[in-house]
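We call the chains A, B, C and D, going by the order they appear; numbering starts again at 1 in every chain.
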Amino acid sequence: MYFFESDYVNGCLPQVLEALVATNDDNTVGYGCDPYCAKAAALIKEACKAPTANVHFLVGGTQTNTTVIAAALRPHQGVLCAQSGHINVHETGAIEATGHKVLPLPAVNGKITAAQIEEAWQAHWNDESHEHVVQPGMVYLSQSTEVGTLYSLAELEEISRVCRQRELFLFVDGARLGYALATPECDVTLADLARLTDAFYIGGTKCGLLFGEAVVITHPALNLDFRYFIKQHGGMLAKGRLLGIQFGALFQNDLYVSACRRGVSCAQKLRDLFSELDIPLFAQSPTNQVFPILTKAEIAALRQRHGFEHWAHVDEQHDAVRFCTSWSTTDEAIEALLSDLRALRGR
Amino acid sequence: MYFFESDYVNGCLPQVLEALVATNDDNTVGYGCDPYCAKAAALIKEACKAPTANVHFLVGGTQTNTTVIAAALRPHQGVLCAQSGHINVHETGAIEATGHKVLPLPAVNGKITAAQIEEAWQAHWNDESHEHVVQPGMVYLSQSTEVGTLYSLAELEEISRVCRQRELFLFVDGARLGYALATPECDVTLADLARLTDAFYIGGTKCGLLFGEAVVITHPALNLDFRYFIKQHGGMLAKGRLLGIQFGALFQNDLYVSACRRGVSCAQKLRDLFSELDIPLFAQSPTNQVFPILTKAEIAALRQRHGFEHWAHVDEQHDAVRFCTSWSTTDEAIEALLSDLRALRGR
Amino acid sequence: MYFFESDYVNGCLPQVLEALVATNDDNTVGYGCDPYCAKAAALIKEACKAPTANVHFLVGGTQTNTTVIAAALRPHQGVLCAQSGHINVHETGAIEATGHKVLPLPAVNGKITAAQIEEAWQAHWNDESHEHVVQPGMVYLSQSTEVGTLYSLAELEEISRVCRQRELFLFVDGARLGYALATPECDVTLADLARLTDAFYIGGTKCGLLFGEAVVITHPALNLDFRYFIKQHGGMLAKGRLLGIQFGALFQNDLYVSACRRGVSCAQKLRDLFSELDIPLFAQSPTNQVFPILTKAEIAALRQRHGFEHWAHVDEQHDAVRFCTSWSTTDEAIEALLSDLRALRGR
Amino acid sequence: MYFFESDYVNGCLPQVLEALVATNDDNTVGYGCDPYCAKAAALIKEACKAPTANVHFLVGGTQTNTTVIAAALRPHQGVLCAQSGHINVHETGAIEATGHKVLPLPAVNGKITAAQIEEAWQAHWNDESHEHVVQPGMVYLSQSTEVGTLYSLAELEEISRVCRQRELFLFVDGARLGYALATPECDVTLADLARLTDAFYIGGTKCGLLFGEAVVITHPALNLDFRYFIKQHGGMLAKGRLLGIQFGALFQNDLYVSACRRGVSCAQKLRDLFSELDIPLFAQSPTNQVFPILTKAEIAALRQRHGFEHWAHVDEQHDAVRFCTSWSTTDEAIEALLSDLRALRGR
């Protein structure tokens, strides 16, 4: 069986595992106040060219989103995001559980635009009854998005400009940021994210670690007392050094991006095949997710040897599915999938 | 430097680390739906003699407490606990953040009694204005407690009886349960906990794992949709198998208890020395925490080579401090501490 | 100046005011435990042909919605409603502030259908990842809706059937229920609402009272400890009798419906005129709200003598506005508006 | 039957009722944006000598406390108050329902001191683990307190000084402020409250109105977007003018204080009698609440003709009870109570 369900079907990168093994018997204080976390934070700030940023380590993505958003917003404020944004659809209402409404905007290719944000802001403040309506207080983006697409630097610059003009925090969910950075057409760097957002996170769980997300906060108001929020939301790992050790390994020798390149190149092989086979794609992702539209019979046949997610109903005969590749996808697995797909179409 | 600050200063047990290394390249589905979690849950149910219980794996203690309590209570209900209970003092208001009042009761040796619970229940329901008061809906205990003490089986039986009579959920925080079970005078077993509570958790983080807590739920109403709550509270680890792998190793060959014995025996050495030196203890813990009352000069001197926590102010000259031992305390460390303590008192 | 901004521009019905004046010097206990509330509750249960229902009195609509929904849902559940539903758009996130996601469905004429509810339920439970998604736990409707439309008895029967089959609570917001009941084409009675829903409320604020909403709860699980919820949400009026006195007057001699008839008939005069003048309507409301599409110049001219709400942008030249009539609309006011509208179109 | 259960057993002052009747047919916009509210706010600001303060009108006390506290605190912060404070004991966890822990301090005579606040602040910030503990963000006092006692101007000045030094918001619950101001020994004025606090409220419900509390906010950060909070917490009365009309009447000709004087003088008659009869008092209240310790037999006998609250268990034979007088206590009622008390003791 081959696993394309997600980018977290494996353990961690060998370099990360070695670091964990090598340090296992060390003794340190807890809660992320150890030297490993300090070192990893320094590496990340350097990679982000953001010497005054604050870096915090949390365990998982939902937790990170919840914690950042809870720290940023007052109770009457909500967070603008794409309709398809992870916080809107796949976190069991974690944001609402902290009291905040998610304010979804229609997304094209999983993305929203600066113009939509400006329009939402105008709609709120021009409404005579705006005190009866949740006030937008933050914008949430994902890079890459939930359908694998990318914000360009120009798009992000424009969104950032609107957010600063309208006093909306800008927060980028980087659960799959490694795959974005590893994609040839991506022109947004870590330094751009640090410069243009108020906070973003560097996803580890899907990009080579056992677990862990590194939040980079550049807005001082958002950073104030942030560790209280981490604790309150259950994100303050007792053995916090595990996060520092892992991120320390990940930010050595550009491992974060180089490891993720494999995920992108495997996905590209799939896309090339789908193109060759004239199989349409449900979403135009250049990163490590691929969304072909297949017949139900093909899907059933593929499920014999491959795990992958149902994505969307298309019509009576067809569904869209998602294949997720990663830093850990083996040659064997991707070749098996390519060959089974070819066989299905008689090639 | 020797670390007695807590029982999470180290990595994990060698058996646990080996299991993680051995399985690192396996591929599985995520979110705890993998075979490792199923296997670990089976081992735990067997150890608890609770074949119909449900076992869920979460990452940390605060998260586990929050998730269980949020799943159990309706919004107008609160949770009775010792004034010194972890949820009341050391979770940055995580319980209140889910909307529930913590209802503290005065504790003796970190414990509350069945009589206090009955009294609180009576006080609520006999109050003409009870609709204006938070309704007790659950009782929270820790085994061992925050000051290292133990509930006896007789005490737990009585508390359980009151809780069932008064329809209060009973939940036991087992962050340090391994040390309780490894303590000679402890007469409460895992099976007793499964039988007498509605939910309890088996702490992994402090008892030999990198991280992880296993919740055992025996009350069906509490288990209903519990995985939604795990997700909402950020506890659904993407690579959930890491929890199954670790707990699987921990519940082989009685490793959970046998590993924790070292923490208890090291603590006993400390207690014996304090007794020999006529150094009074602030709390009467038979487990892996020791709370001597030392002079401020002694404390300052010890801090040169040893890390430990300030616990309580006693008088102008004295403070109580906490030494925490664990499965990972080395001979070298405990001997160094014993010898430095002897030296301070001229022995 | 004439006020068509809303149906709460006036004080209360003379019969209600008289009852308040007549009882002002009485002494009673507080919090709705007085004889006036008991009497009013009995009258309402009789009007609803629901002898075993529970009736509770709250102060306002947002408060009532929040309290009922908070009492009904567990934290991982959300409430299905029309995109245009009051709880989704005009309560400053009060529902989310209690931790629950509002799950909006596209509305036609302000209404949702049984089929949409069934589809949402299916979509949730057929999703492999449903534990990552907010679970639908309740359906919220408004009668009349936010755009003045009505659910027919057939529609309500069908919605109720789906809700019961799928174990979704059904809750109807009756802020403007009096106007619905007073509308000739309305075939839903109070008894139907009591029979088909789990809870609904009878709006007083917009239908002749100074303030006050009467919640009728027929589902025992929802009623359990409901008064705690009222208190927690700030709805337990100290001088609760004020609600009993007012509703007592309102449910004498069918005053609730008869008073609201004036609102509907005034609105009908407006609709007749718009029809005569070929002025299109933005929403097809048969009740006390009318939504003409006027030119911006006409709107500006009307604002000289009349207050009304901007409703929606239509095109460069046109906006939709809302005129709200009520039990208190005077002949003078409606005639002035009709005559000014005629004059604008040269009639 | 005579009602001494509370200070809200009656309707409203005749001047207030007249104002409501006189304006009943007026038409205004809703939500407190009407001229009556503007007028009342101006009168209150004048009475408080606080021309730059903001005045908001809400319906009830629990709602007001919840709204102010929710607007003031970030999620990791809690509110310091007396153990006996209303928010800690009698609001069904409304504060916790917004996510905030109430941080109770031991009270003497229902009051806390500047020294206690300073100590709590020190305890928090000197704790090495303070990030694991709820951070004090506000101090809540009641004037008069829940047991009828008063903060002196000197006490309030000192508390205010500590709060400002430690950046804690200071909020005073004035549910019974009228009775405080009407008590001869009270040396704190409305102007003092406006000068020394960040927000306080002027209770209407217990002091002559049908309902209504006027919040006076002097700290700009607390006032920012405050109306959104009122709406979110269900406090934005549709016919908001009812609050303006009532407070407008109450702040004419010093009616607020002069009306409350009757409550204080009736209570004084009771205190004089208890002194004469050597009946001890449970709390030393100089305002409109009296807490005698009576035998259970006496209590049972009095209950034949008088309503009052059980307050506290004293011993086998005795309980403390509360008699509450008010602006509306009649000569007949107080004389009946005095005479029945005398009779019980054979005088």
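Remarks
We adopt the following convention: a residue touches a chain if its C-beta (ideal position, glycine included) is under 8 Å from a C-beta of that chain, and two chains touch if they have at least 3 such contacts.
Everything quoted here is computed from the prediction, not taken from an experiment.
Common neighbours of chain B and chain C, listed by label, are A, D.
When the interfaces A-D and A-B are ranked by how many C-beta pairs touch across them, A-B comes first. Of all residue numbers used at the contact between chain C and chain D, over half are used by both chains, marking a mostly same-residue interface. Spacing of chain A relative to chain C, judged by their CA centroids, is 41 angstrom. Averaged C-alpha coordinates put the centre of chain A at 33 Å from the centre of chain B.
Put simply, the C-alpha centre of chain A and that of chain D have 50 angstrom between them. Of all residues in chain A, those that touch two or more other chains are 75-76, 91-93, 97-99, 131-132, 228-229, 231-232, 236. The residues of chain B lying in touch with chain D in their complex are 75-76, 78, 89-93, 96-102, 128-129, 131-134, 309-310.
In the complex of the two chains, the chain D residues touching chain C come out as 1-3, 5-6, 8-12, 17, 20-21, 23-30, 59-63, 66-67, 91-94, 97-98, 205-206, 210-211, 228-229, 231-239, 242, 307, 328. Those residues of chain D that touch chain A in the shared complex are 31, 70-71, 74-76, 98-99, 131-132, 135, 225, 227-229, 231-232, 236.
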